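Chain lettering (A, B, C, D, E, F, G and H) follows the sequence in which the chains are written, and residue indices restart at 1 in each chain.
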């Protein structure tokens, strides 16, 4: 509620168009539903452009079921549960037949309305076959959020021609998500090839001095190419959020 | 040179509109100038939307002078030297009276043409007074790159009302750069308040367990708010590059 | 035994009110019971305000049974086993029907007397649903130690209004325990809103650059809000100890 | 402004006791003064129990002077500048003769009214002579904030009798601040001796595997003694804030 | 395609010896086969001296089967799958009876032609019995790549005479691969004994301060003996690649 | 073979008391037996005071059996296998009925002769019940190596009186092994109480900021008490080796 | 004061051989002198075998002067100030002409009585010329503490024959201090060559992945040779304390 | 001295062709000169292919002078002092006019004979202008060691065409040294383009998450391109040693 709205409300109170009690209610009303173990944030869509997403790890199946049931009752749009195991999917499907499981992306979507499709395209580019689960998490999330997505996989810099041959995928995108493990060099090379914003996702693919994705993370943060925004290791979901916000400007 | 252009060139060769030698020249031409110690990349503007920027640390004054002299001779646009000490400024001003020094931002701009001014605004929001140098690096860079910039400083979360009172600065921006040291929590709070892309810059302000900016960096990477792209510690310049690319989509 | 008591004892010895042997006994008496693998510290309640707590990990079921049996025989108060698995609970319940298992809090309480209830309240505030197990460990421990507890869960900063709406929970507490994973920003925001002591518990909820709770830990240690005391990652128990000491001053 | 106050204000508006404009003013009024480079938070005393403190590092002398001048004009209480170099002191003393410099504590206090003196005592206990600057920062800060302070220095655990002989200092305090570098074991020993809350400050005293205070920090966080709240490395100021909040409950 | 070849091709186009379409095809031809989830790089042998190797972790059995099937169809040489579990072996053997499983080396080789045998020898020297799996990965890989290999195992520096007695193995090699965990000191001692290039492989054998191979890795990187090239922890495969390139110069 | 021995041997050769072949044999003779996967070092007892010990992790049961069989055939003394699982014990017991399994210490001893018993005593002091496995590894190893051992368990510094009451165990030892996890403060306190050498073993007991034993390790390395030698995390075996060497001087 | 002494004292009190006041005095007497900023521990020699040593860093010259003055007045033995700069030396020499400065060892000794000379020898072995300052700190400290010392410098493992040629220095010592930077491999090799206790000192000599001595520290902690006790990085002083305790058993 | 030589010597002794004393001398002769603070290793050239190099840091000017004087007297070849400051150069030039200072490479060469020039070429490829000092250290060292060197500077991956245009430099080399800071991605790209061995040198160029070269180090160690040997951060010297050994096979 910004100053304009506040002024309007106060004026209504003054003019007796709104009672003190009603105004109080509006001012105090909580834009979320309190389930005790969760305060489902129904205001987030207004603020953040997409409804609250259920981050599955650390939540019991009962809690997830409770949250989904609440969202099914109070909203009409699509629902996304990220980092969802097969059991999470089963739990949600018991509540609604609209649940779809994207296994590789570890994502459950309750498809209650067709996806919007943006004009601009998000390119999801991944370095190796092993990075695909994270790339798919990004791609599926971006699609749920209403974006056209173009996938380009296994174009790591050890065979740079595979990337250079497909440079048009990058050129035709409005935003590029680069997903890479190991040393994460793909982000630098893509960043140097394009004038579009690049969102880089380090993955934990690798071993030893990869330290669970740290080598790729540090590589992307210190990239010699400017204009790269980095998200957390394996955070395909977060990359999609950012890319979607950019794509839908 | 993409496939279309290649086909066109090949057709010209076939039709004798272009000689083999000329085509070879075009195909081999180097889109940079080789100074031996530096290969100044004049192609970057086409690829990346802004000419090569001179990253000053680790370069001798002689090298910087050489690069600037080369750029003055071969281009007509503005030139930016980042992380520039006062001596770097002096060295550049000897070459051209157009050099301006933004001391707090540690940036030298050779202003040879007026800045473009974008329609959309980049908000640069900083947590504390001590974060201002990094914030200014971001703001000055964004301005040189042709963006309208709105500054909002010293609104750290320890006094959350200072931020909430100025939420319209955030709401009216197309992209928000958040600059914060210590625990970097400002990025999460801003990220939760807006549906616009957020570029987060951790700063090295702090001591002890700040570890030179690591606490803010990790905080921003693991933010509970989605849609935040993180750049390197103290990298105001990189944040501006990314924000500018987004703002000028 | 402080100087006063020592003087009294010596005077008794001098006056033959106490024999040398008895005095020796008193001076040498061990305020713990030696089970060889454990020296159960029955003096701790005097020194620390709460009896020794059984930290379960790394102890065999036989050892835990031995310690509980010893405590059942020598004390009359409540007994707490922290970080207790279901098997630990079973092992203790074989010894006494008073054992209660708080599953989410991973805590076993042998309830032999009603809890005391402090006048002041400890607020336990958690950022996300996934942080609840640690929050419950804190809450249950605080209750066993005789404190009134008020829970406020899932009020992370990505939806700051959820916290601001419940600010009275914070205002009415004497101490606030903040439990948060990921970037742990909730501690800074709460710390900025209150003049009461804040005990911050980083949790290991998160992945990638969370590094098992390090991001939240560093964030809380470097918080821009003053007056925050941090305990170990996931250490709900320790937070409750500290909060209880403060609450019962 | 809580719900009660809001209701009152709305009622006044309804009853025309307050005009819409005035109410708007009250609701919008910013509880800080905006100096552009700093938003001096005059509301913090209400929220946090002590006025905003000037954290000196990273601020120019001009900025510090500006902030102090503003505080001198708008408040009547004492002012504290922490981590202040001798130059900062000089800059402040030019503005007011009430400035006092506590060199060892690196703190400037503008003493405009006598310190309050709490009933309860804060004990500041330090392990070695080299830890004294941090201990003094804590002690001076606690005194400015109105607390009675008792210092006990150089009682590290390598000579445990030095501590045991002075155990009454600990016993008579309401809160204990333990300041220790190297392995920081003093916090564990003190924590085991008392039922009062302990605030532990790791210092960067040490070398090699001390890693700038990390060994003491980790030692305090993982202490086998419960009820210890840890602050940042060398953060005597933060320890005093927390201890003061506890002491003045 | 270098400048010479480019000139030749252009001349052919000019002379109508090659059609525009054909030239375009040649210029655009992708030297890999696109399986969507993998772009199998058939050009790597020319560039890197050995065909693309299948790095098994993170790939589904279906993907591995797809890649092997493609390679079986398009090439005639040997195929190597590294870090292969027994299931990967089974999956490949279903496709071809030529698959051989080197269990200790966790490597599958599809032996379709006899190994070449280089003149020079690669010595694979390991510190302890527990390092043998990594050493075998190096040895088997080097053999597949056509190198003569000499193994010398369990000659760690705690019994330096075991190494000194076998110094002729080192002296007769053209390249030495040193495989060692714990502190990795063997690399320094071998490096000091020979004028041949040394490739050092730290292993994760050890515990505690070994940190998964970090102690050996750092030890090898900071070795007081010059001329040592280090590869990733446990990366027997990478060591063999480098040693093979050197051996076959 | 030192210079004296060398001179003697050469003189024998010169005087034809030893043939060139025999001398060569002596000079070349390998003081170990080569099992290909292991070079069992029978010379170590001369150099290091105790026969080679079998470090079990990373060795196959077949390899362990082979090494033990070889040692049984070539030596008459006791054999120690450290970090041995129950299966390792079974594998060894198949070869000899003299095998004894110390389960808590994860050690197998093939007892073929009675232990020697040193005059001096090694005290093994542990902080908590959970540290006992590491303490037992140290105690059992020290006993096998011929030392009198005195155990003092669960005397961590959170109840300092438990240690102070048993200070005579420390005073009567010739060497003290201190085993502690969490913050490892026990080493500092013991180190300050005695003029005997202290060998400190950090354990991985703890969680969160313990980082697998790092907090105890750093604490012990930076101890304010002089004269402490630290071994690897959980390395009870190594501590016993060092203590035994000292005790048997 | 142990139980025996306590019993004796109590009996004296009972028999009126000692007054209550005197007994109290004895029981309460502080075995240190309190200088407010330092509690000089005159009891340490009894407990630890050598008087308290002045660790110079972090102490002001005034404090050091105060401590030395106190020690000069209350003791007759030698005094050692470690990590002493030239200014510290000057400050001490103003108080006594007996002060000697060992520049390379950064140590000041106030020589008031001739050094005792132990029968056994401590060998101080260093890897490189650059490690000599730390080695000298160890050697000088050991000499002050009454030990015969034998130096063997620049025998790093990159030229293993330099060590093997001097193996008698190691063989004739009772304890060996090994001082090495970079990868610290010398400790492992020496540890494998001797049955005497080895005290290892990692130094910060090196750069890059040495990380200020971490590579040597980890290498020594994870050494494949048993029986090595490690002290802090660059801690020649601590190594000498431990070696001296061992040598003087 | 290998077995052959030993047999020959023993035969000579037997046949009285060599006296026992002479043989002893030969067997005992130290292949280094002992300056007390340094044991100059004149045997290294035989073992390692290049005479001992003086690593300057941590050595006093006097020590360096002593070592150079010794080498001037005992050898006739070129002498190299690495990491040499201008003062080191001055100190050496006082001893010989043949000293040459390569300032950028921080290397002093005493040129007493012309460099050998290998047939094969070492390419030294660097990512940025700021990496040139490390690249020059590698290039100068390689030249002193008798290698033909080809420099290719400022071809970082942010402008990949700069590298692709110069791919022939890489193709014509026998070994490639890649020098890169920041994320070090150049090593991966070069490694993917060539079948020649690549030696990668991470540099400390960068800031923030570069952590003094760690990002480049980890990136190179985890490179997706096989066949890369990594040396320490900024270790141009070590890279040249390895490349020289390879080039001169």
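Definition applied: contacts are C-beta pairs under 8 Å (C-beta built on N, C-alpha and C of every residue); 3 or more make two chains touch, one makes a residue touch a chain.
No experiment lies behind these values; they were computed from the predicted model shown.
Same-residue interface: chain E and chain H share over half of the residue numbers found at their contact. Comparing each option in E-H, E-F or B-C with D-F by residue number, the pair that reproduces over half of the contacts is B-C. Distance from the centre of chain C peaks at H, each centre being the average of the chain's Cα atoms. Between A-C and B-C, more C-beta contact pairs join the chains of B-C.
Averaged C-alpha coordinates give centres for chain A and chain F that are 54 Å from one another.
In this assembly, the C-alpha centroid of chain F lies 25 Å from the C-alpha centroid of chain G. For the pair chain A and chain H, the distance between mean C-alpha positions equals 49 Å. For this pair, chain A with chain D, the centres built from the Cα atoms lie 40 Å apart. Shown for chain D are the residues that touch two or more other chains, namely 3, 28, 47, 128, 158-159, 192-193, 208-210, 217, 221-222, 225-226, 232-233. Taken pair by pair, the chains that touch are A-B, A-C, A-D, A-E, A-H, B-C, B-D, B-E, B-H, C-D, C-F, C-G, D-F, D-G, E-F, E-G, E-H, F-G, F-H, G-H.
The touching residues of chain E, counted against chain B in their complex, run 3, 6-7, 10-11, 13-14, 16, 20, 23-24, 27-28. Those residues of chain D that touch chain B in the complex are listed here as 28, 30-32, 36-39, 41, 43-44, 47, 52, 55, 57-59, 63, 202, 204, 212-213, 217, 232-235. The residues of chain C lying in touch with chain D in their complex are 2-3, 46-49, 53, 120, 167-168, 171, 174, 192-199, 217, 221-222, 225-233, 237-238, 241-242, 244-246, 249. Those residues of chain E that touch chain F in the shared complex are 128-133, 153-155, 159, 161-162, 165, 205, 207-210. Residues of chain G touching chain E in their complex: 127-128, 156-160, 164, 182-185, 188-189, 191-193, 206, 208-211, 214-226.
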